[in-house]
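What follows is a group of structures, each given as structure tokens.
Okay, so chain A shows up in both of these, paired with chain B first and chain C after.
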Partner chain A sequence: MSEQTIPDVRGRGSRAPGGPSSAGRRRSLLRPLLVVALLVVLLVLPLYVEEFWLRTGFAVFGAIVGAIGLNLLVGTSGQLSLAHAFFLAVGAVSYTYVSGESGGLGTRAALRGLELPPVVGLVVGVLLAGLAGLLFSPVAARLRGIYLGVASLGLVFIGVHLLNTWEPVTGGFNGRSAPEFSLFGFTFGNSDPQLFVLGVPFREAERLWYLGLVLALAAYVFARNLLRSRPGRALQTLRDSEVAASVMGVNVQAYKARVFLVSSMYAGLSGVMYALSIGSIAPESFGLLLSIQFLAMIVLGGLGSVGGAALGAVFVTSLPLVFLQFADVLPLVSAPGEGGIAAGVAARFLYGLAIVLVILFEPGGLAGLAHRFRRRGRDPGGGDRPGPSPGPDDSPTSPVPSDRPARGSNST
Partner chain B sequence: MTQFLSLLLNGISLGAIYALIALGFVIIFKASEVVSFTQGSLLLLGAYTIARLSGPYGFLVAALAGILVTALAALLIERLVINRLRGAPVISLAIVTIGVDIILLTELIRRIGPDILNVPHPWGGDSVRIGGVGISQNRLIAMLVAGVLIVVFFLAFKYSSWGVAMRASAEDGEAAALMGIRQGRVSALAWVVAGVLAAVAALFLVGAPTPGVSAAVYTVALRAFPAAILGGLDSTGGALVGGLLIGIAEALAAGYQEQLSFLGRGFGEVVPYVVMIIVLLVRPSGLFGTKELTRV
Partner chain C sequence: MTAADADGTRIRSDVPPVEVSHVSVRFGAIRALNDVSFTVAPGAIHAIIGPNGAGKSTLFNVLSGVYKAAEGEVRFGDARLDRMRPFQIAGVGVARAFQNIALSGAQTVAENLMLGRHHLTKAGFLSSGLRLPRATGEGRLHGARIREIAEFLDLGAKLHTPVGVLSYGDQKRVEVARALCIEPRLLLLDEPVAGMNAEETSRMAEAIREIRSALGISIILVEHDMGMVMSLADRVTVLDFGRLIADGTPAEVQRDPEVIRAYLGSGDEDNPADAVAHHPTEAPGSPS
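On to the complex of A and B.
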């Protein structure tokens, strides 16, 4: 698995150790080429690939956005949060409420909706999620990392309760369907307008694919730039030592609140995309499991690395879908209701195990693995860093794990 | 008034169970600086074992086996995973326990499926009345057992050599290690104790008025987390107070549901988290947790 993903990291992950001095001549040419190649592949994929994969792709793009957001919070600034599902829910619900139609919900309460254009819904979803994050941040900013982890757990349960209770807006227990996305009259649905590109009909899946690609890319670039700028470095200092950060003039409380704001806005966007990809929202989709999935993504990808988060998102999100697709081929895995292990269950086993193994043996995750390979390729023999301490030569944006157990690097 | 007293009593009994779970949580944190998210699935493991074995072997054997299995599982987790990561950042440790939790929980839920496994407690679903206030026998016994266990625990914590060793290593791990206290052993023992406490809590948590062992027991167990946080992660007394507080709040919210209907059905299940967030707003390290002071 990892062998295949490494070129991917290289291509997308422009978060190489910063200074131009460290970049070899060969690599400086290779990187942009790979990036362009990957982009081209992603752009022409809808012309060749079936609808199933495109739908999976859109779900993955949504997850990438969310994972990058969570990584800013957990990986970069070291605040463990299990509340990501809550902020996703805020985004998804706001979108469906703002852009959804009013109407009856079976025999019971009537649904309400503002029927505004979906773009407005998207923006409002992102903003409201950010607002929710900001409202929670006074709690967050006061708590030490681990207290925050458990406190944020509470937010998920409160969120699910709200989703169940607030029927006119959320549709209650059964949820409600999410409105189709459209942009200035161009709908991301199956028709209206009919669209053919090179003879391939561009239906909902194809259109959403491009939407997802654009949003995920934007999220990626924004996060990367954020990390390389002043606030990003401040956040990393914050993670390593709050005392040191405040001595250096970083306003600890304010930065903690801001990173919560940004991270939950990411989650809000991811929530909107989630609603679009499923086509509906329901309380049970936004439970603790979702938060844990996002945590799994960033741990697998490598804490603190933007590209790693994207990679982890691809892995965790597509795993159950791929299992489902190939249920009859894979051993042990089976379609639902046929004995065997259901696809979703198998995937859960796998990423649970992956979390444990990653933390035990490769705390840098996939990004760390790729980084190590790259180093070894460049200076054979001296690939591994000798000591456990993240030395001063670590450039802040390098994908070196934020969380590294204090021990030797003999765990190759 | 009777209703209030009855809710209060039921709340205290529920709180006693929460306190057991929260205590395990706190011990682990004190001994190994790990915030163990495995507590919920360990509890479910105990409940599952008890439910499965009580058919063929009878309740008593099953209960003992459940406690043993859970303690063993906790020990295994500590030896295989946590012990290898000593000195790792707290967040990594917390995340790794989440990973273990996913594996264990997925397997248990797969085995339990949609069923509700019945545990044949010898005291059944009867309830007793104490001065006009009713409480299920199961909860009454739970309260007594939890009380005894907690007292024993606090005595051991204070006087036994294990307790002294643990308090010492919680105070200053490095110094304790230099004085010849084996950190690994202290931590392993803490996990075993936490496993036992979780299994005992499971034993009573799946009795009346709860229907039996189902996947939902896990979410009930999760409500002990607020209890531990509320009291302060590193305070054993805090876990006790936090557990009782959460139990009472939950019972009251569930009991006065009609008056609280504007908050939605099933609000009782969220109350622990609401209480926790409010307390944390005022006291960020919990009620009895040590405040972290930073000096430069």
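On to the complex of A and C.
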């Protein structure tokens, strides 16, 4: 029996992986070309666009880092966390404290700072956020899905309370300004040194743009590499079934703890960039709303997709800023203080609506949409392969982080 | 063991026996397993059968460390499986293929199989994220073996297909292939042909025979397909309501009055052994 069937199957097999079609070859060339084109555009953009767009860009780059970090945790590993704002706060406060100046006036107490170089502040910010994540990871390792979400909620409230009360470090209720970034004597401010590129003055916004671009790219590449290798496979499997992952040799608790650590370090870096972007830190910036915004980014972008997280971050972060900028031309939207809908509120309505639409029609998010579009381009005749998008039920990117009961409950 | 020798199979020298002794598992007041003891000889295909709710899956969960036994020991050579966590059990070469497919649907066949190499590889978060040479080299090294195992189970052409779009039969084979990628010394197969058609079933049976003869490892099999169990297994353990009611060669078990009673509810059929042997799917008239 098998003597008949096996050669038959092998025969089919030898045909299927045959050389890529010409369309496929064109596509494989197209992709790197697009990537290079996008990079070139991002690199030359500061020469052409206004400061507003560059500042928005830096805020977006910061959000991209944070969203990629949260997506590793929620999208890839199926662990819901609402504490992302807390880890951003740890990064932002650490940076401000380590690189900030002593002696400025807080609300009541004198501010303190270690006055170390900003690079040190950035690294310490990332490390301390990681440390905070590590301290919480024993909890993260033992909980799953929505339960971790609820447990992590507490961190946000602790964070806001500390920001309000730990005045020498955080500046208290009014916050404190974040020190300007500099790298080996090169400041990312408006002057010192004066810099002109092709006649265009490179001031703070231009310089920060490149800093943001480099950090966001590094965060992107690291996460992509991670997902395509051994730890990434283990994380995706433990999202789909913890029992299966552990039986296949994955130390589930250790991996949950580690991905939580990595995610909080991403958040720490994002927090430093957030502080640089706003130019100051204040308690209300790091509330639950920020955590929710990051969740909105990764749901919109597509859970589990690194590129999707980046797209979602672009959308959610830039929308309110763009609305604010164009409040006078957009219908119904107004500048603060006038009648009509405030820009921030309008943006929230819009991405709230977008989230509902995404969950209803494209659980894969923007990444899923892009994937579908690419596939249509690939085999217009509907090819012989079934569409690789699994149904919504078994979709890895199901909009709600999976919280199904483990198949064999007590997986120790 | 003797049956295996008769096939001309070379049993790997590092495959120890599996000794299950006096294992009990309780869920509240329910005893899912009650003082179960048996031994799996090295290189044997050992089937575990029993009506629904007999405790077969519980036993598998104990063997793979998912459940902890309330009492008793499970030894695999020097390893005390009952004291180890599931990922450690994989580390000593015990692999399990799940009955209800527990693959990662969005990942390709190759990626799912690579997970089986998890305990054989080392790349961590940092070296993977930075694509250090030791992480990428590892992937290449194990890729070849993955391909070999996939081809052995007729999955070579589907290596780069997401598992979620494969047919049910293919997914079942990916389950088995993934378990093989652990390079096991003991393979636990939980209903490997459940839901398969006759042709797929006979191909799977053939594959299991080949796995044993090519690798010389022990295989424990939970299966409802009696025809397959009786033709494949060297030894059969029968569970009913968490108790072990018979343990012997397929022929012995088929004649055992307790087994017949468990499967048919009473012992006064004309030729009950026949009924046990030829019911291919669920146990007929599981005790009501």
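Criterion: the second predicted complex is superposed on the first by the 354 of 412 C-alpha atoms of A that agree within 3 Å, B and C clash if a C-alpha of one lies under 4 Å from a C-alpha of the other, contacts with A are read in each partner's own complex, and residues count from 1 in each chain.
Keep this in mind: a residue touches a chain if its C-beta (ideal position, glycine included) is under 8 Å from a C-beta of that chain, and two chains touch if they have at least 3 such contacts.
Owing to the predicted nature of the structure, the values given are computational and were not obtained by experimental measurement.
Asker: Have a look at where A:E51 lands relative to chain B and chain C in the superposition and call it first, second, both or neither.
Answerer: A:E51 contacts neither chain B nor chain C.
Asker: May I ask you to decide whether A:E101 touches chain B, chain C, both, or neither, giving the answer as first, second, both or neither?
Answerer: neither
Asker: Would you sort A:V243 into first (chain B), second (chain C), both or neither based on which partner it touches?
Answerer: both
Asker: Under the stated touch criterion, which partner chain does A:E284 make contact with: chain B (first), chain C (second), both, or neither?
Answerer: After superposition on chain A, A:E284 lies in contact with neither partner.
Asker: Given the touch rule stated above, what does A:F349 touch, chain B (first), chain C (second), both, or neither?
Answerer: A:F349: touches chain B, not chain C.
Asker: With the two complexes superposed on chain A, say which partner A:G232 touches: chain B (first), chain C (second), both, or neither.
Answerer: The second partner, chain C, only.
Asker: Touching A:V139 in the superposition: chain B (first), chain C (second), both, neither?
Answerer: After superposition on chain A, A:V139 lies in contact with chain B alone.
Asker: Under the contact definition given at the top, report the residues of chain A touching chain B in one complex and chain C in the other.
Answerer: Residues common to the chain A contacts of chain C and of chain B are 243, 247, 407, listed in rising order.
Asker: What part of chain C is in contact with chain A in the complex they form?
Answerer: Per the touch definition, chain C meets chain A at residues 61, 64-68, 85-87, 89-91, 95-96, 98, 100, 102-107, 111-112, 114-116, 118-119, 121-125, 128-131, 135, 138-139, 151, 154, 156-162, 164-165, 178, 182, 199, 202-203, 206-207.
Asker: Any idea which chain B residues touch chain A in the complex?
Answerer: By the definition above, chain B touches chain A via 35, 81, 84-85, 87-92, 94-96, 98-103, 106-107, 110, 222, 225-226, 228-229, 233, 263-267, 269-270, 272-274, 276-277, 280-281, 284-286, 292, 294, 296.
Asker: Show which residues of chain A lie in contact with chain C when the two form their complex.
Answerer: These residues of chain A touch chain C: 1-2, 5-6, 9-10, 12-14, 16-17, 222-223, 225-226, 229-234, 236-237, 239-241, 243-252, 258, 262, 304, 385-388, 390, 394-397, 407-408, 410-412.
Asker: Residue numbers of chain A touching chain B in their complex, please.
Answerer: 74, 78, 80, 138-139, 142-147, 149-151, 153-155, 157-158, 161-162, 164-166, 242-243, 247, 288, 292, 295-296, 299, 341-342, 345, 348-349, 351-356, 359-360, 363, 403-407
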